[in-house]
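The same chain A turns up in both complexes below, where it pairs with chain B and then with chain C.
Presenting the complex of A and B:
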């Protein structure tokens, strides 16, 4: 990994906290999230729907709808500079050029009344300050890079299938060779047969352009395939972070263990999946102490008292659980 | 690179023309239907034009004679068929019973006044109402939104005749800047148009606001923002084109209604427009004018709706694809049948 010589990571998120206000209730979407990422690396943000993954990504790009969303604190340092403190004009120069995003639903992410080529060329013309013709040429090249013939430049989104639209979205996101790509469940809305193709396209282009990537997903298979590091997010908190090997070989937090446990196993003959019991906590009314405690088979009285700090488990592996040793060494022994 | 796309566009152009011609042909049964319905209504309508022409002192014998002369004593079917024959095969709307004038020339004499008012009002509606709505949507729940919506609410609630009279009182009677009524140069049109356009501006602003609000929350607006576009570019390049369909519908409807004449404004300002022409004909039982006027309005409305649909196609490629799809499937069906 090409770590920066000065020691400042390419992008660093520090204690990011975001809340939404909805009908008078405060919803704590992201609570004290920190992580960092180098160029060319991929970080997987894993967690259930509503865990705050998309909110994290949108706050990095500063495209959260404000109100109802509000960033309460923390820093997002891009090459050492806090982008949360930038003016709107300066932030616009970063969007699409240094940081760009692939959205979850390709069906709605494209402007239905604008030619797809123009939608790609628009960003190029804006950031690279080139003529319309040059931008068009580059947009065609981008289309071909994602496997769409350049002759379809003048087509509209409704003339494409979902998988093709997602490729257009990818071409659009990568058009200005961004340094950081936020991929928000880029394959969730797609047919299983298309998922692998789209993932391959993203992976290849990422390697080609040496882009850092944050891959948001709830699919551990995707994590295994593309991510270098993994952050497991639960109720707006990072509950476990580590390299892919650390997380996959030694899942530590009971939630992570539960996620792996709920995957169907090809080799065993079971009729039912084993989901994690219970529901994610109401983000407007998070439990005191560990947010996972109500669902945790190992929870003790201690867990419910005070917030749990992240602890290092050696290497880059950190985990937010006080009973981590028991949980892993003697699974099931923690039942009260 | 340019040549195939030009040819492509030419193909689309031809498809659009076919669609337009098809729609124009469809107008024939529509107008036929309108004339049958309006003729039937007038047939069953109480009141006798012969009696009103001859006045109160006429003897029943004279009235019967007059009825025979006008063909009013013929059975329903005969009269209907002769009317349809006259309108659709000879393109003649007939003559007015009371005015020594054909219906067509009566309409054509009044059309310029009505059309002038309609066009100015629609122009005002677009030029003032749309920006008001956009401003309101962009500053949703802010001060600008409140102000725009209060104006819109006032526009919808204030009756046209009251506003018209207030305008006359102030600008014509008190200040003496503008003529209070009548027709003549452009200055005669200012007060009627302002009075008439206010409601249109209001509904235009409300429609624009709600349709912009819907679009602004779309995912592709977030995409546009993520590209680094400025808010202005997002608004005018991405949001507005998507919000246009309902806005165009409001404009089209307004246009159709106003070309039908605005009775209230016409009577306040004594403008010889189509609205007054047809409504007074109803009171007089002047059948040819009523039927001709309704038919004329029907044709005009159909044409405007066609225009609106064609504009839709140019605004939204998905709608255009639908029209072309219809054309293609129609041609395919024809081939399969032949």
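Presenting the complex of A and C:
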């Protein structure tokens, strides 16, 4: 497990590009996305519906429905090894064991006609090659870890509340102590007090097991609570990346700034929010140049000409904007 | 204090279920000032939507009183209700489910105008156009059907339809929960603009505390059918008193990364609202619960306009 040589990140996504084909249209869901992550770290993938966040996660786990999806290029290196090149059999050994995923909707992630204990034990028996009895023991331990009494092992999903079902899904995802956890909006379906409980459980288990985590969310509050690094995704591209402090203290990309302006903040009193004008672009018909330009208050002619490269802002902070100086100096931008 | 538009006294709404009586709204009392926004927050199943729907007679109340513009409307006949509908409207959470899939944007917005019979043929079209412009619908979407619109535009149609007849009172039932943040902000601003122009009174039902703080003048916090605390928005966030309100506010993930606040993580599960025991329903999860919490609780005014329903207030604060 500690084979991380210096210079080889635990997981590295390089130039990942994915498209879907639907009704003859090509939908560019993920375009040239790169990031890396070390063990024990949490990366937040932030963006709106349709930005491609979930597609990125599903590519890492290789559970994209192909077709209509197709990975056009890029590499996903797990400890230096490209998992996109693995056979299905080899990939099956990685899923659940090295990489696992918490899905957004616990109601559909669980098998309704299977006892929840068995659903957790299934993965343990498969990966750890232990007896049914031992798998059951471990599954009960996992249930208790997420605050559900082991005596409910033989209950069915419908006998649980939404928050408890999500905790079952978390227990399942963490049962084989994965090295990488993909959490896809794990608390979106939950109430806020239950959300606080669930985030607490995820954070504690992650620290205990030194798991790397990719937290997919549209909620900047959750990012502030749990993430070390943040990647802001817009129209299938990473438009800004940096440490939590870099992003929250000095948001650079006009889209990131717009996201903060759209958010009603509990700590301040503003009369009116400053929303981002317009709508996200149609992913089957992305604009030339910067995909955000049509909605951007600082867009210039040059923004619409050619694809914009990521530029370093110092530290780990990178941003895909050629007008960022103007953007940040404009009134209302930035946080200070 | 502004003039009161809507007053609710000891309102109850029970549903008969196979397992027994479900106490969705249990003895709720509050009032809403004219032109103001009353936020109603609480977690799923706390009765906040039922409360909104009972107020505008989408559900018949079980007990209690609803007073609208000084008139008791708890029990009104069909004819009278038809008249009242013009003045009380609702914006639903899911604009896809609430819009007729076979009607275009224009038809949807025009329908309430036709039904009142107040407009002549020529005026009808002008009025429809005015409303489309008011809610920011593009001219080119006039003949679009709901499935051709994104969530934000669908919700604009829902708002247009609800506000078409210039109602005095509108229940907004989670109107932005299904929308992305950037679109959510557009719709919230639209609702505020319309209120400024027409002086409409909102009851804003949501589980999102930052949204409710942003838009409301006053807030009711509900827990399993009971009103646990109500006061002005400012006072509630600065000085929450009920243990549930405190836990709820502390659970909001904040974007302020430098000032971490103390989290109150609640233990225990939400109890069932079916045939509940008397007393405080939050007691099962409350860190301060004591024997006397099992007796029925009273809403007490602890300072001007600040009402809390908790018998242990004196001891825990």
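Note that in this section the second predicted complex is superposed on the first by the 316 of 336 C-alpha atoms of A that agree within 3 Å, B and C clash if a C-alpha of one lies under 4 Å from a C-alpha of the other, contacts with A are read in each partner's own complex, and residues count from 1 in each chain.
What we mean here is this: a residue touches a chain if its C-beta (ideal position, glycine included) is under 8 Å from a C-beta of that chain, and two chains touch if they have at least 3 such contacts.
Keep in mind the model is a prediction, meaning the values are calculated, not measured.
Trainee: With the two structures laid over each other on chain A, which partner does A:122 touch: chain B (first), chain C (second), both, or neither?
Mentor: After superposition on chain A, A:122 lies in contact with chain B alone.
Trainee: For A:265, is the partner it touches chain B (first), chain C (second), both, or none of the two (neither)?
Mentor: Second partner only, chain C.
Trainee: Please work out whether A:291 is in contact with chain B alone, chain C alone, both, or neither, and reply first, second, both or neither.
Mentor: In the superposition, A:291 touches no partner, neither chain B nor chain C.
Trainee: Is the number of chain A residues in contact higher for chain B or for chain C?
Mentor: Partner touching more chain A residues in the overlay: C.
Trainee: What is the contact status of A:212 with respect to chain B (first) and chain C (second): first, second, both, or neither?
Mentor: neither
Trainee: A:45 contacts which: chain B (first), chain C (second), both, neither?
Mentor: After superposing on A, A:45 lies clear of both chain B and chain C.
Trainee: With both complexes superposed on chain A, which partner does A:279 reach: first (chain B), second (chain C), both or neither?
Mentor: Only chain C; A:279 stays clear of chain B.
Trainee: Just chain B (first), just chain C (second), both, or neither: which does A:142 touch?
Mentor: Neither partner.
Trainee: With both complexes overlaid on chain A, does A:95 touch chain B (first), chain C (second), both or neither?
Mentor: It touches chain B, and chain C stays clear.
Trainee: Inside the complex, what are the residues of chain A that reach chain B?
Mentor: 61, 63, 92-97, 100-101, 103, 105, 108-114, 122-123, 126-127, 151, 154, 156, 158-159, 169, 172-173
Trainee: Looking at the complex, which residues from chain C come into contact with chain A?
Mentor: Those residues of chain C that touch chain A are 43-44, 150, 152, 180-186, 188-189, 192, 207, 209-211, 213-215, 237, 247-257, 263, 265-266, 269-270.
Trainee: In the complex of these two chains, what residues of chain A are touching chain C?
Mentor: Residues 48-49, 161-164, 191-197, 199-200, 218-222, 224-225, 244-245, 248-249, 258-267, 270, 272-277, 279-280.
Trainee: Would you pull the chain B residues touching chain A in the complex into a rising list?
Mentor: Checking each residue of chain B against chain A gives 4-5, 8, 218-220, 222-230, 237-238, 241-242, 315-318, 321.
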